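In structure tokens below, several structures.
Okay, so subunit A shows up in both of these, paired with subunit B first and subunit C after.
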Partner chain A sequence: MALHRGKGLATIEYPTGMNQNGDPSQAWIKVKPDGRVDVFSGTSDIGNGSKTVQSQIVAETLGVPYDWITYDNSNTDSSPMCTGTFASRATFVAGNAVLKAARQVRERILAIASRELEIDPEDLEVADGTVSVKGTPAKSMGVDEVAGAATFVHGELLTGDGAHLNPGAAIVDPETGEVDKPPHAAISYAACAAEVEVDDETGDVRVLKLTQAYDIGRAMNPTLVEGQIEGGAVMGLGFGVLETCYPYYPSAEHRGDGMSTYHVPTMAELPEINNVLIENPSEGGPYGAKGIGEMANNAQPAAIANAIYDAVGVWVTEFPITPERVLAALDARSEPRREGRMVAFDEELSINSFSSTRTWGA
Partner chain B sequence: MKVVGARLPRYDGVGHVTGRTTYVDDVRLPGMLHAAALRSPHHHARITHLDTSAAEAMAGVHAVITHADVPLLVYGHLSGGGIPGDEPLLAKDHARYRGQPIALVAADTVDIARAACAAIDVGYEELPALFDVRLAFDDDAPVVNDAFGNWYDQYEGNLDVRQIRKGDIEAAFDAADLIVSGVYRTQSQEQVPLETQVCVAVPEPDGRLTIHTCTQAMYFSLGVVCSHLQLPMSQVKMVGGTVGGGFGGKVDTASDTLTALAAQKTERPVKWRWTREEEMLASGNRGPWHMEIIDAVSRDGWILGRKMLTIHDAGAYGRFSVYGVTKHSFHHTGAYTIPNLHFDGYVVFTNRIPTTAMRGYGITGLSTAIEVHAERVARELGMDPYEFRLKNANRVNDTSPNRIPYEDPSTVEVLQSLASATGSELSDDLRAMTRDQRSADMLPDHLAAQIGSGGGH
Partner chain C sequence: MELTVNSVSCTVQSPPLTSLLNVLREELDITSPKAGCESGGCGACTVLVDGQPRRSCLTALCTVDGAAVVTVEGLGTPEDLSRVQQAFIHHYAAQCGFCSDGMVVAATAYVNAGGSDDTDAIREALAGHFCRCTGYVKILEAVAAAARGDELDIDSTASSANNTYVTIAGAES
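Presenting the complex of A and B:
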């Protein structure tokens, strides 16, 4: 018995927004008489933190403190349409809707303040809940005072609405796959390096360390970004070496029916995780953001598989890479079929070895 | 900037960690009934008869819902995109996977509802089942899906395969110094949200329905419920927005419509909470993918062309699988630029639980396959894995498989950052590389034809 260490690498990309686009989000905002802000959005928060990020976008855009924001996504009567929280779209697509709504509210705030201060709106700015004259910060009024004036002096409601839709790339050439316009809102990139330890007697793979570099466009909230990519790393670890609904796939029998019979990663399997965040702002995202949620579990499985090869010199290409599969690969020590310039791996898994009607490949 | 970019605490985090957040299961209403489902015990069976009278006669049972109660039984999740529906809300003549719902009982307690499910008289005639996607195309394969057969056959109207064809694939393979093939199979993964599928539906005095939902997509689910129930959106109010974990599976709207039907029929609030076993055994999971890749490469490390076959094991019904395979096809070169492509992707149906969206949908298995294959090719060439990846990295105005120029690709930057973070050595040339449009030696003949001054084709 011996423990072998290895390192592996993977690089990935992932689209932001629904494939082929065409997924609208809408939002509206109203301001209470004391300047506090109510945001209505139809975006469900599935744990991704969209309530937080969308509230941050509104606070930043209006120039008011974050704790002035109340966020309501509780029902479809009061919140306008949002396609939903999937396809890494809640920050980019739905975030753009609240951004546009907040810009409208900001204009209304400046218009009222302009009348109160008798200064052109272009000469005003808002920060920290205060509207002030550019270059003459002493001349100012609070956004709370502006909202009060709007309500009780001018008889107006400070409100704004926003909608965002990346037009649908509806036309796909069925022969070539060519599309008529970009099928994504943005693309994010990441790379992951894994360090593993493989036990050549038991086949057990221990992932010791994952180092990840993510281009996230703009880290709207670095704590939440880290939550996404570390949570994603653990999900990728499960996909890579632990989890399967069908342990004897393609058989549909012997399914795990609970937490004790279906093994998701626990603290016991947790590797050291190190993150590098790269901010390469996107063209169209709010404050340069891109989607980050879904790509977060995609790079680890291959990085782990490549590290296992580095450690013990066998490829396992059926996932998850269970101890049984590692041991089987170590026993077989199979080499690819090499003929001339051809190098053919895994031929025993190919459809060519199973189907009586389909053949595929060179 | 002050607020954007700040490490602010999660908006609703305190409630989540102190147990004070109101999730759907925390909704308890006077007179609320509880629901349980009768599910198929067979992978594939004809339903020969269905008699609910004994269950309905049981004390404490208020309603039994079957296919006959659903105004529109079949509604496709992708109907808006022109993809026909294939999945009945409740099984009618066929059960096509173990766990498929056949009836829903609403009763005073969960125990009574479960006992009533057991009292429903169902006749089954078991049929041969298909599980191996590699056998789906064979003449003697059991037929799984009555709308499409064993694989989806209506891409852009009438094609049975999602195709990508780009460049001159034969020329790329003729020119190759090395042709490397591999097969990659990734597995089905459970969603495992802490909150299982759950719904509380409330009939309001004005005739509307309030639906407390765990959906990830309130308006999508509103559309699904209103379509099955044939109601205008004004008649249904979805209440939710705070989900106890969702990774794609809660887009499925798995419990809302049936619970709403039970509330309509009983005129009482109804709660349907799936058990952990049901969540594991009957909710939509990540689908398995079978991927075969053949890369044509040059001795100096360029990927000249790629042939790829993808078979997605969709389970018994389509749900979002056509979307998943199309997205997969659009990204099958990963973080690299490969000018000559021949891709065939199939959605294949098997007698397992319909698979659905899950974090990384269409791509997680793909990234896994591409990146192990890249490592194999690099090793066959005797090339450093960073160098191989950086050389083929997406660059500005390189084009995607569907011919969209990349505007701001970061393959180069993330690899350089990773190399620094892990102490991996890169040559000066690789350190100096940028995402900028290829030129000089970075614009070899095999790419020059597709990368012009304005990008595009």
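Presenting the complex of A and C:
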């Protein structure tokens, strides 16, 4: 009886947003007379930072300081329609909507400034809340002054709207595999390498280290990206070795119903986590962004399962990989043949045994 | 019964077996302690009772008569944040924020007790607190920074050593 170490690798590719019904997002922006910017979008921030990232997109596109932006998604009557916060779509899909709206507002700011400064709009630029003449930065006016002039001199509202709609899903030719249109959104890629220690007496699996690489398109906000990836790693660890509503013993009534029976990873389980974030800007995303929220917890369970095989030479084919399942797999190896065939999985040991009829190495 | 909550003396009317969590949230309208699992498992309701971290959901009011209770509201003000609060901001140790109040209180107890920046010691001190968003990495960094007494700028975010950026050459800017 001993501790065994092993390493395993798994990869994930993940599309951004949905195909069905175009997956629309809409946004509306207006500028107050003092230059402060109100953004209305239907994307709820559920802790993923979408308010921050979309406000950054608006600030960057308009050329105004970030703290001039108020992002209001509190009211479904005043905010335009958005499918929601899911499918890793808030930065990519809703971000594209606010980007388009912000471009319109920028054009209107330049149009008003052009009339005030008597300079062609194409010769103007906006940065840090100031519209200035290209090459002659001394000739300038603040965006707040532009907004004031729009309101009180020109009788206009600085506003813009934007919407993003995906084309329908591609149709795949069953003979050739060819699709009739290119992918509508960014595909993100990631890999996770897990290092585990398996106790072959107790079946206990310790995840020691997760090393990950993520193709993130562009880190709109590096801190938020890191938060998603680090959080996803620990969620993946939970899916891999801890969390289930259905422990297989002895029946469904004994499923986890509280924090003492449903095991969420804590700081005690936290492995060493190292990430490589690869910035490889997408074509269709705002400023090259992709969506990486939902993919962040997919590769770890498979990497852990592969590492367990590397450590003790058995495949555990059901998540989470509890000590009981590791021991059952080790037992199956020591008495591997039933009805003449090697079994890695036993119907009696599982109540959701989709793979229970599968046999290995007949 | 009498309580001193965040340095303010209060006479509370709740029945003696009411949980301290309900007294704080429902009677005193102090909402930083969160009702998570309400069975002592998740740590979101943690408050300081006479300086010790306690699960307020499992603490009956009658057992803390006369005690001094401190919640996040009593640790610092927006203008004068505590060292642990500053560290949580600088290291971005919160996402949805539900666990943060309990985490900050428990980390404050750890730092006040002279806890070191040793990773294993922090993990042991905070292992009873669930966080679903952050993966704990940045919380660990924040508590270590607070334990070391780092000078922290809350207007900037710390860069973390475990994340490396690679930009594909020739990619659009």
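What we mean here is this: the second predicted complex is superposed on the first by the 310 of 362 C-alpha atoms of A that agree within 3 Å, B and C clash if a C-alpha of one lies under 4 Å from a C-alpha of the other, contacts with A are read in each partner's own complex, and residues count from 1 in each chain.
FYI, a contact is a pair of C-beta atoms (placed from the backbone, for glycine too) under 8 Å apart; a residue touches a chain by one contact, two chains touch by 3 or more.
Just so you know, these numbers come straight off a predicted model, no measurement behind them.
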Looking at A:L157, would you say it contacts subunit B, subunit C, both, or neither? Reply first, second, both or neither.
neither
Name the contact category of A:L208: first (subunit B only), second (subunit C only), both, or neither.
neither
Would you check which partner chain A:N298 touches, where first means subunit B only, second means subunit C only, and both and neither mean what they say?
first
So which one touches more of the residues on subunit A, subunit B or subunit C?
B
Once the shared chain is lined up, is A:T11 touching subunit B (first), subunit C (second), both, or neither of them?
first
In the superposed arrangement, which partner chain does A:K51 touch: subunit B (first), subunit C (second), both, or neither?
first
Quick check on the superposed pair: does A:A268 touch subunit B, subunit C, both, or neither? Answer first, second, both or neither.
second
Just to be sure I read the superposition right, which of the two partners does A:A233 touch: subunit B = first, subunit C = second, or both, or neither?
second
Identify the partner contact of A:A332: answer first if only subunit B is touched, second if only subunit C is, both if each is, neither if none is.
neither
State whether A:S260 touches subunit B only (first), subunit C only (second), both chains, or neither.
second
Dual-contact residues of subunit A (subunit B, subunit C) 46-47, 49, 219, 222-223, 232, 235, 258-259, 264, 274, 276, 278, 280
Considering the complex alone, what residue numbers of subunit C touch subunit A?
37, 39, 41-42, 92, 95-97, 122-124, 126-130, 132-140, 157, 160, 162-168, 171-172
Given the complex, residues on subunit A that touch subunit C span 46-49, 219, 222-223, 226-227, 229-235, 258-260, 264, 266-268, 270, 272-281, 288
